[in-house]
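Several structures are given next for inspection.
Below are two complexes that have chain A in common, paired first with chain B and then with chain C.
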Partner chain A sequence: MDKQELEASVLDLLADICDDDAVREERDVDLFDAGLLDSMAAIELLVAIEDRFGVEIAPTAVKREEMNTVNKIIEQIGKRL
Partner chain B sequence: MGFYTSASFFIALAIVAVPAVALGASGRRIKPWGMVASVAMLAFLFADSRRALVAFLLFVALATASAYAMLSSWKSGRRSMAVYRISLAATLVPLVVYKVSAAVDAPGFLGFIGISYLTFRAVQVVVEIRDGLIEDLPLADYLYFLTFFATITSGPIDRSRRFLEDANTALAPAAYRDLATRGVLMLLAGAVMQLALATMVHGFTDPWAVNGALAMPNILALGLPWGVGSLVRAYGYAVYLYLDFAGYSLMAAGACYLFGIQCPTNFNAPWRALDLKDFWNRWHITLSTWLRDFVFMRFVRGLTRRHVFKKRLTTACCGYVVNMFLMGMWHGLTPDYLLYGLYHGVLLAATEAYQKRCPFYKRNKGKRWYKVLSWFVTMNLVIIGFSLFSGQAGEAVRRMIYG
Partner chain C sequence: MRFLEMIERRACEFPEAVAQRTSTGSQLTYGELWHASGALAQELVRRNASRTDGGHAPVLVYGHKSPLMLVGMLACMRSGHPYVPVDAHSVPDERAASIARQLGEPIVLAAESLPAAVAVSPEGVLSAADIRAVAERPADAPNPAWQIAGEDLCYILFTSGSTGAPKGVEVTANCFDNFCGWDVELAGPVATLGAVWIDQAPFSFDLSVFELAGALATSGTLFSLEHDTQQDMEALLASLAESGAAVWVSTPSFADLCLVNAGFSQEMMPNLRLFLFCGETLANSTAAHLLERFPRARVLNTYGPTESTVAVTAVEITPQLAAAPEPLPVGSPRPGTRLRIVDAAGSDAEAGRPGEVVIEGDTVAHGYYGRDDLTRAAFGTASSAVPGAVSPARSYRTGDEGWLDESGTLHYHGRLDLQVKLNGFRIELGEIEEQLRRLPGVDAAAVTTRERDGKVSHLVAHVVYSGPRAEGESDFRLGLALKEQLKPVLPHYMVPKKIAFLNALPRTGNGKVDRRALKAL
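Up next is the complex of A and B:
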């Protein structure tokens, strides 16, 4: 999977989980501060990442501030692919 | 010797802190001395009870065997889930046996001061080896983390990777001096909160408190009607609990700082919480985040993977109830504690449902009047929760039933 495919795929996933297409525009905004993600949605995101990319990210593997924006989420998945 | 309550503890702490400060201030690692200090302080802690000492040593042996069985299975690439389940069970057995036997017949088997907090530490290590986050763990490091004395009796609950990073790093002298100064201030502030203020509030609000030396008036002496008196007692208990526990936590963190360990914060202005989710992010933070990471998230992940519930909200609500009920069980297997856990579980689930579903909330959550109202309701829900916790609510119910 190349970088563009990964990005498109993550954006679809996030738009679905956050139920808001705003995530597509603001890639460096803190999703928790913006009220787009909460701890429940974060777990769903981890499960969805596992399903879609086969990448397991344990709940305590990444600090929240390392995975709180669209770009950081893409980066964390990219590192593990 | 009672940790953070008896004069002999503070004298012993001052003595073991001197070499730690000398090492830290000269830019050296404190860990070797920290291990000696831990052993000495734990010897004091268990000096009164050989039974407790034996139970403690048994726990350490079981936890260590479990952690290293896990590590060898994961290092070898076998990653046996059977080893994981047995290790996790072995780590939890002493606490479960203790809690169950204490509920049947106090004081219970296998118990010792700090068993709960040691269990949190040991379980975290086992689970994080499983997750592949801990790949290497020297035995001395593991034992230092598991038995570090300053936070053993009541937290805060540190995490091994964070703790060991601090323990294995020598700070620059200036940075250590800064940290140690903050540590001393926290010890002093915590002592004022717990030993002076909490004792005074307790003396005033607890009808059974012995007030000889303090000469504090007691609530019973005011001759208030039962209802009003109960209300004052419930509010007073909440203030007492906060001063006592936040004061203790400050002192424990201060003691960690002296040993170069920047232990996480346990309280962050809980009385400013605007809803119950916010409250649990501010009260006994290291417990709620531990439960969030090792119970709530994993339980919810399991439900989500198996598609147990159709709706995300149902999954979340189920997660909150299970998580908080477990917290109640952890406090003790008594009706009061179980009810306390269930109470918060149901309220958190209700908060989640209300915030996700109610248009009224979405319209008004940013408005000032709404925040004030929400704060007021939250505080009173918290205080009702504490009166369940203290047994006051149970007592009031029994009084209403039996007269």
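Up next is the complex of A and C:
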């Protein structure tokens, strides 16, 4: 999977979990502050990332501030692919 | 009050036994709890004496999971004052202020510093330092005659109200004691050896009374998970592992959060014998996973609104029930409770047919604080004597829809109105809509739910907005700005995830907001 495919795929996933297509453009908004992710949704996201990309990120392995924006989430997955 | 007698006995026989441990290392023994709450009870009586109305002022107990909260709540019971628990982390400042206003002139025990928005006269407030100073005073035991008893109010718990302000449910000493007796029975032999109980829900959520009453009435230990611990998965798992807990009380959502970690299992919590769930629908899959991971533990599902004191039905979820395609039942009523299923006219529905659940019994609350109108609409006296009831039996129309099977087990269908449960939190959509409408520029608002796997996953607000917009401001950015304005007045779980903007709200033929159409958007 190249970088563009990854991005597109993560954006689809986040638009679904955040229930808002605007996150495709707003990639540096803090998703927790914006009320788009909470601890339940974050867990859902990690499970979906594992299903879709085969990348396992344990909930204990990342701090909230390492996965609180769209760009950081893409980066975290990219690092592990 | 029998609950207090149990604590006193433990405090006298084994003062060193631990009543509460917190995940960040605070500890309170039964001896300390009994002495400190007694000294504080004396102080409350002294302060109340200067009041002109002669009544027992409600005491707003503000804080989180600290021992001071426990001491404060118990001091209220021992001095005849109803306590009003307000959790510093889950209740935003403006909402705490609204609660204080409804209480008139409450005495405040501020285990954590009180937000400036809560406008009460400073002489009515005891800070954490004040409480500690009082608690360490050598003091005679308070007069046992001061204790709350019978139909005295024990606590007033504020829940979401559909008209924009929270409403206070008045739970009496009888209700508390009667619930406590059943709680201990439910835990059974697990609780006879001074077991450790997981304490997760904020004290302003009555689910917490399950462990508070259960643990302290059985000489057990509350293991309180503090806010910071609950925010950090690694710290949370470490705390659970070292808790030594035998009894687990939480919403199913909290268990789901833990289940994502493969290590959450009987190996991690070898003493765990019982899961008690309340507050929202327990999914079959959650129960099945827990039974698999914790082969030595039982899973109990329970049901009950705050207005009937924590819970009134229970059922053990067996692997067979969990594996069945049908949703899990919520259980059969406790002794002293009768369930009726009624139709829209209030007549008993045909056997096996769904209808509104009416709860009758000796744990049904007294009513809503200062709201006779709301009380009259939902509460009444029981239709006839309730078998097993040991104190006056009242009735409460829940607004829940359900049906009873041949064995008398209740099956829950959902709500008849706009109340929803999100991660166990009880939410009146009308309260959110009212707060949205109060924002400048908002002309109309309706809030709907989105579901995932049969459960509410989040809230969506549909807003008609005619206020100013910054140049080029997108709907997304405007939505963020509105959400920021909701944060001071609503708990975080009531702030909608998404705000969608419309030119007008769709209406049904009779002029009501067409919620079905909104959900389909």
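As a convention for this text, the second predicted complex is superposed on the first by the 81 of 81 C-alpha atoms of A that agree within 3 Å, B and C clash if a C-alpha of one lies under 4 Å from a C-alpha of the other, contacts with A are read in each partner's own complex, and residues count from 1 in each chain.
Operating definition for what follows: a residue touches a chain if its C-beta (ideal position, glycine included) is under 8 Å from a C-beta of that chain, and two chains touch if they have at least 3 such contacts.
None of the values given here were measured: they were computed from a predicted structure.
Colleague: For the overlaid complexes, name the partner, chain B or chain C, with more touching residues on chain A.
Modeller: Counting residues of chain A touched by each partner, the higher count goes to C.
Colleague: Given the touch rule stated above, what does A:P59 touch, chain B (first), chain C (second), both, or neither?
Modeller: After superposition on chain A, A:P59 lies in contact with both partners, chain B and chain C.
Colleague: Now for A:E75: first (chain B), second (chain C), both, or neither, which partner does it touch?
Modeller: The answer is neither, since A:E75 touches no partner chain.
Colleague: Regarding the shared-chain residue A:E26, is it in contact with chain B (first), chain C (second), both, or neither?
Modeller: second
Colleague: In the overlaid three-chain picture, which partner chain does A:I43 touch, first (chain B) or second (chain C), both, or neither?
Modeller: After superposing on A, A:I43 lies in contact with both chain B and chain C.
Colleague: May I ask you to decide whether A:C18 touches chain B, chain C, both, or neither, giving the answer as first, second, both or neither?
Modeller: Only chain C is touched by A:C18; chain B is not.
Colleague: For chain A, give the residues common to its interface with chain B and its interface with chain C.
Modeller: 39-41, 43, 46-47, 58-60
Colleague: In the complex of these two chains, what residues of chain A are touching chain B?
Modeller: 39-41, 43-44, 46-47, 50, 58-61
Colleague: Under the definition above, what is the set of chain B residues touching chain A in their complex?
Modeller: Result: residues 128, 131-133, 159, 292-294, 296-298, 300-301, 304-305, 312, 315-316, 319, 352 of chain B touch chain A.
Colleague: Inside the complex, what are the residues of chain A that reach chain C?
Modeller: 18-20, 22, 25-26, 29, 34-36, 38-41, 43, 46-47, 58-60, 64
Colleague: If you look only at chain C, which of its residues touch chain A in the complex?
Modeller: 231, 233-234, 237, 253, 256-257, 260-261, 423, 450, 457-458, 460, 474-477, 480, 483, 492-493, 495-498
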